[in-house]
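Listed after this line are the structures, all set down as structure tokens.
In the two assemblies presented below, chain A is common to both, partnered first by chain B and then by chain C.
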Partner chain A sequence: MTLTRIYMEQKSKLKQIESRLESALKAPQPILNEASLDLLRAGGKRIRPLLTLLCAQYGDPSRETVMKSAVMLELIHMASLVHDDVVDDSNLRRGKPTVKAQWDNRVAMFTGDFIFARAIELISDFDNDEIHMSISRVIRDLSLGEIDQIKELYHWKQNMRVYLRRIKRKTALLMALSCQLGALASGCSSRVGLSLYYFGYYLGMSYQMTDDILDFVGTEKQLGKPAGGDLRNGNITLPTFFALHKYGMRNAILSVLEDKNPKQSDWDSIICAIRDCGAIQDSEQLSDAYLSKAKTILERLPQQRATRSLKEIADYIGTRND
Partner chain B sequence: MSLNEELELVYQQLRNELNHDYVKTILPEPVIDRDKLMIYYLLFRRQESRANAGVYAKSVMVAEIGLNTHEMITVEKRSDMNAIKMRQLTVLSGDFYSALYYYTLARQSNMEVVKWVAQAIQTFNLHKFAFFYSETRLSWPETIEIVMKIESALVEKLARQLGFARIVPYLNAYFLIKRLVIERKNHGKSERDSYFSQTIQGRFEKVTDRLDQEIKNKVAHLTHILNRQENHSEWLIQVIDYLRDQLSRLAEGVEEGTY
Partner chain C sequence: MTLTRIYMEQKSKLKQIESRLESALKAPQPILNEASLDLLRAGGKRIRPLLTLLCAQYGDPSRETVMKSAVMLELIHMASLVHDDVVDDSNLRRGKPTVKAQWDNRVAMFTGDFIFARAIELISDFDNDEIHMSISRVIRDLSLGEIDQIKELYHWKQNMRVYLRRIKRKTALLMALSCQLGALASGCSSRVGLSLYYFGYYLGMSYQMTDDILDFVGTEKQLGKPAGGDLRNGNITLPTFFALHKYGMRNAILSVLEDKNPKQSDWDSIICAIRDCGAIQDSEQLSDAYLSKAKTILERLPQQRATRSLKEIADYIGTRND
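Entry: the complex of A and B
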């Protein structure tokens, strides 16, 4: 329950973030206002702002720029979720109707663009070129990562490097940025900022790998959708990669993947086979290797309360089941 | 180098920057409005070097292209793989273009322009909501007014922030006419070709007749204000001459009904 302790310690600041998010999302148009505030109420782990707050403890965490960075990161994340739901044609997120399901794709596009612009406006006052270079690069790479994901759908021949680059852009970069921004916004040196960037990067890689594993081993209740959703959508993630290339399941997987009208039972049996072949253990091993790298970075940082909290977050990532 | 050659250079650079090897295999090349690009360039060129003005003009244009790309999103259920992929990439390429504007301006350390564009994008989206999801039934003049605000959201913001509020009425009128002509030309075609004439089809009768009349009125009005003898600066005269030339080309098509 150490993660709960960390959240408790940051409770008042996280509460401030929620209230600032609410102000940032308020809009003078009823549908936009409702769509934005629904997103906020849907909640989430707020892992990115939490990382920013913790990393800011290496400098002066009371600086206004820290709070603004944390809010901006969550806004960017929210904007990308609204658009992702259109890309994935998802009607539910965290058990609630998505913006595109409640209204339509167009509302989702306008809402995401509006929130994204709010996020950029919020941080445009920062007088720090390094921060802007970093944020803008990550935002650009996030969109490139999403395009890559579409490009690689059903490409079962893709190599491990392609998968790693994809999840780096999709997830790890924003976590890396969350950590680096906490450091830079609180006045830490670029060196500390870079160390924390890599901590966040390794953590994010492991986070996404864990997500990809959970997609196979989670229950429908935990996932809010049937297991194996990634593969059903043609997305070759780590467990499938190992099953294809290490456990000789190429023909079995391709027979379903390339079937124009596969039966539900075909999907279920191939997902079950991937789960049982050893691919999950291999994926866990790789995820753990990234977590070890993250923890090694922490050893080089000043050993303070924040360092312990970051290590505990890394431990949580390795064992999480939601 | 003449102004037109400078613009051509900026245009080609922008085309290259928008180029994405995979996206271009699925989606049509994004449309770059040369008139908007020219106006952005002229707005910045007044105070900036040729190189800087080019970078700023491209950045604002790319943000606008991001928004225009998202306008193309389809709302109905699709099941064939190609249509799904097109929709997915419409979302993601729009996001990519929106990200590019901040990326480029951050490398120029020009956060002021980043802020103006971010504010203009919010205004643009609010107008879009007002157009598509108005709580009351919009009259024809209200509809046209909102379309004008949508079309000029970014260019108006830039002109005002850079101290050229005087040219805003010209820009508003010109870019509205341009949009009306595009909508008239594409009326009845696919969603990708127009954003509003499909939407107002159910709201008004005789949409094409209304568009024809509106275009004629607006062209006459803009021609009149562009030809007014006023004490303009050399720079403003350059902008007015450019708009006058472009308008006469548009008007020619309108006169002939060829659009």
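Entry: the complex of A and C
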């Protein structure tokens, strides 16, 4: 399953988005300019703008506000990626050095602030209250998710609900917003906007779970970084939950997590054990359950070209390996 | 010169602002809650909300949007303070440990993000396009100013124009906005809004210059941190410019700035020398010139109670020592 057909269909609009992102990231300071443009060149799937474009097909997709929404959403996502890199102590993203690794934490922080500020500028052009409210709520929740992420590191006693809330805030709500804004900015009713919001939410939950699964099962080449990085950084994700609570691996995992100076080989063997115990299958099942919910919502929407494309995206997320 | 009369006059509104700030900073996570509330309890002059309240007297100061503007402006200011502390490597602000010193850089970064997100939520309630545009431009410039601040550290070759642009972005524009929003949110014309914007801009320039002067002449007790901190951190401010370019202290200053391991006594003596060479008087003169421009604008506004109060604020800034 690939998204080639959809990317081809949206090619000219995605190209426009790319060039608008480039303009938005142009800054008067070379240091900032370089950091932002590096991020742009590192690419990414642009899944959020794509969702916006597709959902806009339920209304009038040619509206200028659709394009603005798409660019703004990707800017918010990029800003949060840059701040995340400060947290993660990760030096690679998509196989390239992160802004933080190349510069330092402070430049990364302010680059994120700048990109976020550019997003805010775009928001100020909208004159729809519902859009403003939705965006600002998601931005707040995104910032709560950022805090969750560091607060909950190494807390192996957290329950699954805590994990679900964290990925909702960190990932799913922005995808939900990407879908909702596509609808609202193209002139759809609030009702259609809300349906697409929930579609994006369920899709986003599954998207993040898949990310978390890939972190265990992906090769270093696919991930652009070594496997098991989440756990190594103390980030307890879905497969680890199942391993901890369903497969009795509590002692084995804790002995590594609580070890002040664990050996590389200890990490490698615990990551292998989580991968092989059945936790991955359980995680995939939960992820698929969210995808089913997303698809159920599509059934209630008018059956048109966009609906087919959104279904393809859902199918892709269920099978993606990068 | 103190602002006692004005604070007394605005007491009940300032108290409301304080309690709204407290609600805005309440977060579901204890770590975040504590960091934000510590910041709130550390106090501050609330000069931005005060400017908003006073400028709103040119229109209808009882409007709800006036209060919202005031709270939002202080939140933006607080968010930028928290991110600044990450940059400054400063461990004290207003005599209390900074968020960063108590927790760490990452918590400080995300606390700033959260406070900023709360400000954005308030912005989404405004339905005036002019307000949205103004706010978003200032937010962008503020983020550019943050980058300026680190980019220009230790660059002793920068000219005065670079310094002026930096303090404009970092301080003056937010004060300009505080005044303009007071006018617009209370229903004044764009013209009055723009006059007050320029008043706030000139006032803000002088405010920051005074801050930079105080960093050299203040006592540790007044500053809440040791004197000369700006220069020690590589931040070249107004008095240092005069010392470098007018008082031939280039070699003396550079020998300390470029020394990889300068002694405490080297710092102390260069800070004394800058204080005593005449650079402080020159700085005060420039600061006063900006204040005069601010006051000239007041002369063109309707002469009413608010005009007198704003003049008092300008006079206070010219003489303040904390």
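Assorted remarks:
In this text, the second predicted complex is superposed on the first by the 320 of 322 C-alpha atoms of A that agree within 3 Å, B and C clash if a C-alpha of one lies under 4 Å from a C-alpha of the other, contacts with A are read in each partner's own complex, and residues count from 1 in each chain.
The working rule: a contact is a pair of C-beta atoms (placed from the backbone, for glycine too) under 8 Å apart; a residue touches a chain by one contact, two chains touch by 3 or more.
Not measured: the values here are computed from a predicted model.
With chain A as the common reference, the superposed partners chain B and chain C clash. Contact with neither chain B nor chain C is seen for A:291 once the two complexes are overlaid on the shared chain. By the document's definition of touching, both partners, chain B and chain C, reach A:109.
Once the two complexes are laid over each other on the shared chain, residue contacts for A:280 go to neither chain B nor chain C.
In the superposed pair of complexes, A:31 makes contact with chain B and with chain C alike.
Of the two partner chains, neither chain B nor chain C is touched by A:213.
Shared-chain residue A:120: touches chain B and chain C both.
Once both structures are placed on chain A, chain A residues 27-29, 31-32, 83, 86-87, 105-107, 109-111, 113-114, 116-118, 120-121, 124-125, 129, 132-133, 135-137, 139-140, 142-144, 146-147, 150-151 are touched by chain B and, in the other complex, by chain C. Across the interface of their complex, chain A is touched by residues 27-29, 31-32, 83, 86-87, 105-107, 109-111, 113-114, 116-118, 120-121, 123-125, 127, 129, 132-133, 135-137, 139-140, 142-144, 146-148, 150-151 of chain C. Interface residues of chain A facing chain B in the complex, by the touch rule stated above, are 27-32, 80, 83, 86-87, 89, 104-107, 109-114, 116-118, 120-121, 124-126, 129, 132-133, 135-137, 139-140, 142-144, 146-147, 150-151.
Residues 20, 22-23, 66-67, 70-71, 73-75, 84-85, 87-89, 91-96, 98-100, 102-103, 105-107, 109, 111-112, 114-115, 117-119, 121-122, 125-126, 128-130, 132-133, 135 of chain B touch chain A in their complex.
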